[in-house]
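In what follows, subunit A forms one complex with subunit B and a second complex with subunit C.
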Partner chain A sequence: MKPPSALAGKFDSERFSPNTFAYILMIPAAIVMFGVVVYPFMYNVVLSFSNMSLRHFKDWHLIGMRQYAEVFKGKIFYIVLLKTLVWTFVNIFFHVTIGVSLALILNRKIFGRAAVRTLLILPWAIPQVIVALTWRSMFNYEYGSINLFIAHFLNMSPVEWLGKPLEAFSACIITNVWLGFPFMMTIALGGLQSIPQELYEAADIDGASGWRKFWSVTVPLLKPVMIPAITLGIIWTFNNVNIIWLVSNGGEPSDQTHILVSYVYKAAFNLYRYGYAAALSMVIFAILLTFSLVFLKRTRASETAY
Partner chain B sequence: MAGVRLSGVTKIYDGGVIAAKDVSIDVEDREFVVLVGPSGCGKTTVLRMIAGLEEITSGELYIGDQLMNDVPPKDRDIAMVFQNYALYPHMSVHDNMAFGLKLRNYPKLEIEERVTEAADILGIRDYLSRKPKALSGGQRQRVALGRAIVRKPKVFLFDEPLSNLDAKMRVQMRAEISKLHKRLDATMIYVTHDQVEAMTMGDRIVVMKDGVVQQTGNPLELYNNPRNKFVAGFIGTPAMNFFEGRVKKEERLYFEGKESDLKIEIPAELEGKLPVAEGKDVYMGLRPEHIQPQEERKGNLRSSCNLKVEISEPMGNEVFLYFQSGLNPIVARVPSAINPRPGSELKMYFDTAHAHFFDKDKEYAIA
Partner chain C sequence: MKTTGNKFKIQNLKLRILNLFLYFLLIGFTLAVLYPILNVFSISLRPGDRLLSTSLNLIPDGASFHAYKVLFTQTPFLLWFWNSSLIAAAVTITGVALASTAGYAFSRFNFYGRKSAMVGLLVTQMFPPTMLLLPMYIMLLKLHLINSYLGVIVIYTSTALPFCVWQMKGYYDTIPFSLEEAARIDGSTRWGAFRKIVLPLAAPALVITALFSFMTAWSEYIVAAQVLQDTSLFTLPLGLKQFEASMSTQWGLYAAGSLLVSVPAVALFLILSRWLISGLTLGSVKG
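== the complex of A and B ==
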């Protein structure tokens, strides 16, 4: 059997098996993947067992599990982990509910649908840094548009958004909700459009109300597309250092708004505790890996509906 | 059980497209009526209006004695079988069939009873716990039928239910649906574009074209007495042969083809019905079985013609012969003993006692 292309034919001599040519083609991608994924990951694993820090930058050596012990010893890890879970859950909840609701509206024949859809995808298209800094200005106590709105239209006293822990954390969540719903909306809209209209007609004849059709037809058939999207969303949100860092200005006030990754970022690049940060990031990796495997298996997301 | 009556029903879509125009059909209780026509003829629209999936622009729809124009689908007591089955993919076969009953709050025991009964009738009892994707096309269509049966509705509606099945399965399911009709003794309205399905299944057939009912009648009535050229050409395979030309009278009455070199005698008693004196063009229609290589009909009709066989299609028990006379294609259905080679010439007799004549402009039947 001869491979079809002339180039491939040259490799089809007795020295090469047919698979060799395929492996050769994969080499460039494999090198890049090794350089940007495998090597840094392995380096991080090694660092997590070391005492590397600003003090031991050139003379670092392996110290076993001490950094991991350090991570789990302090109360701060559990507090930040809890905040991370709250952050992730609240964000994903609103991403999905707002996203799916908007998708349901956009899936109907409404006036100016294309324009509305484009507008709603905008938050997604703006660079996160710009979004974060814009929202940060909007949360400004004196001049921010949100407090101006609250004072003028709702006749309430302005909120100290960035000065208090709970308010600052809420500000981060509001920003990230605004940033994250277009993704879920786009996925849900695609999912909705793939549900055959006939199923709704069959349900009509079967006697289903609108609400019943939503729960018995729409939701189960959206599940196969939404579960992987939600999994991705959870991983992204769990790991979203940008919004927390930029909106709260690095965990302010007094490191009260951290989630795990921003805490790692601070440990590594503000406090230069490389070994500790590497160990903490391995813990985060383990949490996310376990979650993804269990969640995908439990929800049987890889099963197709039709 | 109940009959279905459409009276002057019209459907005009938002864009102004008229999908059905002044459709009046009277389906009697327990009757099997087939709506047939080419795609885009409005047959599915009519069915969807009966189901309540499409609003009626004007006219009246009665199921039983009740005016149904503004009644939602679930309250019409109908069941529908869709072309693509429309089974809920995430539910098991059992749940697909039970869904409608659950929504209507039937007691659990009765639901089980009905589902099992329907599954037995359709031979799908072994698949009750499977999901639709684990079933073949024929099995899925049975489930769709089952979903309709369990409800015991007044009227069954079928929207081209067999067109996604392969030829063999289609013939099998055709017979099963006919049997089901006898067994359930229910009113059924069946939409198809396949005239063979229409002929074999329907108590009565409604032929539609461009949103207008062309003719309603039992299968043989449509076959033997088509009201216009469209119905004549649509019902029957191979389709009826049409010849454009004039009827003239010299010693005897004869038909002279316009685009062909045909000149064949026709029965003298037709003279009064045909525009002989006016010299107007007409269409003569002759079914393939009425063009034969030996003179089947007695009666001194000098109506034969030498034709060259272009293609012959052996069907086993018979052969379809295709000829060309001038610009006019001709097809004949002959016994399989006669199987001429393509290119050979054959003397063919036209049994004009069975000929149909249609007005050239309006295409309605004149004799």
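== the complex of A and C ==
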């Protein structure tokens, strides 16, 4: 059938059936994923039913659903959840509207298009930590350039960006909008370029207005590209602990700027409430999983309408 | 005749106003994007006694590269740079190796558990960061592996992997199967067909995978802050945060360091962004 392998012990992929070969290709990734995803996940499930904390680090035991009860009992969970929803919605709204608008402009034949596109991608390219810390310094009350701008050009009194809850939360949102729109812009630009030009020409012949062309050609054809990106964007934004943590310096002032993930990060690593943090992590995961299933199902259902 | 001419003129005028408006919008956004970057650059050039300045000039009075000099000679910046490079390189190599093989298996073979594994990878994206970090942290504490690179490298690889596998799979899907069949008829092994035929064709996707793994490792803060607690093991983000924490005294160091850390990431990103766009949209459409 085939010549025996000249080198004994050489990796011989012909010995295996196709599926065994597939398993072999997958094993390295599977081991890593099992070791650092599946196993910790199970461990997290166990922790969420336990009383582990720094005080009960060695002598912890299972206490049933008590940590979950603790999560839902306090008013704080609902307040933080509401803030998380506002955070996610506002961010994604601006990411998508700004991103798609810029993509539409950049998709026209305008002067300096390539250069502008490169510049507009920059916020995505800069490491998030640096974006967050830089904006934090720009929000500084006395020396930050935002207040200097406000005082200099708008002649208004400076805003205490990082010292008050609402202002600090807005500061986080502004930072995250700034760094997030290039992703949506890039995806939308890719989607726009794949729309066949003939469709617009046909619409022109039918005498469609620019507005009509946008809603009847651009939007439906952009949708299949944008829906997965928006789903991912929502999950990433919901789970983005970086920006809140670094811009508001761990939830300042007095833990008023937390979203769920930064709240749970604090519970775990600053307050050492391991069991409670594990339970809250499970709740966050359940929220995102439910959302994704419902969202993908609904958008898929609407896709078949076209 | 006359009315249509007028109509044409009005439309032309409308188009011009629209274009003008769009240009303003574009310029506005470009300035908004550039300003923070220029601001950091400006702070990095400020002489030590004028760090806290209320001037809005981009080039400060008495501009100097003093902060850069101090950064290299009086702080562990170079050591942190080396640590970050080491971790990022390890994560990139493992990420590419694991994602390219696993993605190929998902794309070409219809084995048992394929679909659920693909969905499983997607589900991991919904884990809140603490979901894996907390158990891993406790495990590392119990194994006395806090302050080791191994923990960080493994965590980063696993964060980057799901996206990379999907991305690779989506790209392999666009490569016709007949190419491998032809190679197999010519006597190539399965492994040979993958390595010599498919892998070179998938170069753009490999580049994205490498970029994504690199960026994950290069700029991560939240995990590193818990696992690496010894200053000599710090990665760049941890080091920069330390400068930032004492904003008044080391603002110039922070700014200079940030620029130097961003440059490699931004350069890579911009060079590779051409493939990024096609790769991402392909991946998402096929996904």
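Just so we're on the same page, the second predicted complex is superposed on the first by the 281 of 306 C-alpha atoms of A that agree within 3 Å, B and C clash if a C-alpha of one lies under 4 Å from a C-alpha of the other, contacts with A are read in each partner's own complex, and residues count from 1 in each chain.
Following the convention adopted for this analysis, a contact is a pair of C-beta atoms (placed from the backbone, for glycine too) under 8 Å apart; a residue touches a chain by one contact, two chains touch by 3 or more.
A quick note: this is a predicted structure, and the numbers were derived from the prediction, not measured.
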{"item": "Overlay on subunit A: subunit C relative to subunit B, clash or fit", "value": "fit"}
{"item": "First (subunit B), second (subunit C), both or neither touched by A:I234", "value": "neither"}
{"item": "Contacts of A:P220 with subunit B and subunit C, given as first, second, both or neither", "value": "first"}
{"item": "Comparing the two partners subunit B and subunit C, which touches a greater set of residues in subunit A", "value": "C"}
{"item": "Touched partner set for A:A279, first subunit B, second subunit C, both or neither", "value": "neither"}
{"item": "Subunit A as apex of subunit B and subunit C, Cα-centre angle in degrees (nearest 10)", "value": "80"}
{"item": "First, second, both or neither for A:V71, with subunit B first and subunit C second", "value": "neither"}
{"item": "Minimum Cα separation, subunit C to subunit B, after superposition on A (Å)", "value": "7"}
{"item": "Complex interface listing, subunit A residues touching subunit C", "value": "11-14, 16, 18-19, 21-23, 25-26, 28-30, 32-33, 35-37, 39-41, 43-44, 47, 52, 98, 101-102, 105-106, 108, 110, 116, 118-131, 133-138, 140, 142-143, 145, 148-149, 152, 178, 186-187, 189-191, 194, 224-225, 228-229, 232, 235-236, 239, 241-242, 245-246, 260-261, 264-265, 268-269, 274, 277-278, 281-282, 284-285, 288-289, 292"}
{"item": "Touching residues on subunit C, where the partner in the complex is subunit A", "value": "19, 22-23, 25-26, 29-30, 32-37, 39-40, 43, 52-54, 56, 94, 97-99, 101-102, 104-106, 108-112, 117, 121, 123-139, 154-155, 157-158, 161-162, 165, 189-192, 194, 215, 218-222, 226, 237, 240-241, 244, 247, 251, 254, 258, 261-262, 265-266, 269-270, 273, 276-278, 280-281, 284-285, 287"}
{"item": "Interface residues, subunit A side, partner subunit B - complex", "value": "196, 198-199, 201-208, 212, 216-217, 220-221, 223, 304-306"}
{"item": "For the subunit B and subunit A complex, residues of the former touching the latter", "value": "51-53, 72-74, 78-80, 82, 84, 86-90, 99-100, 103-104, 133, 147"}
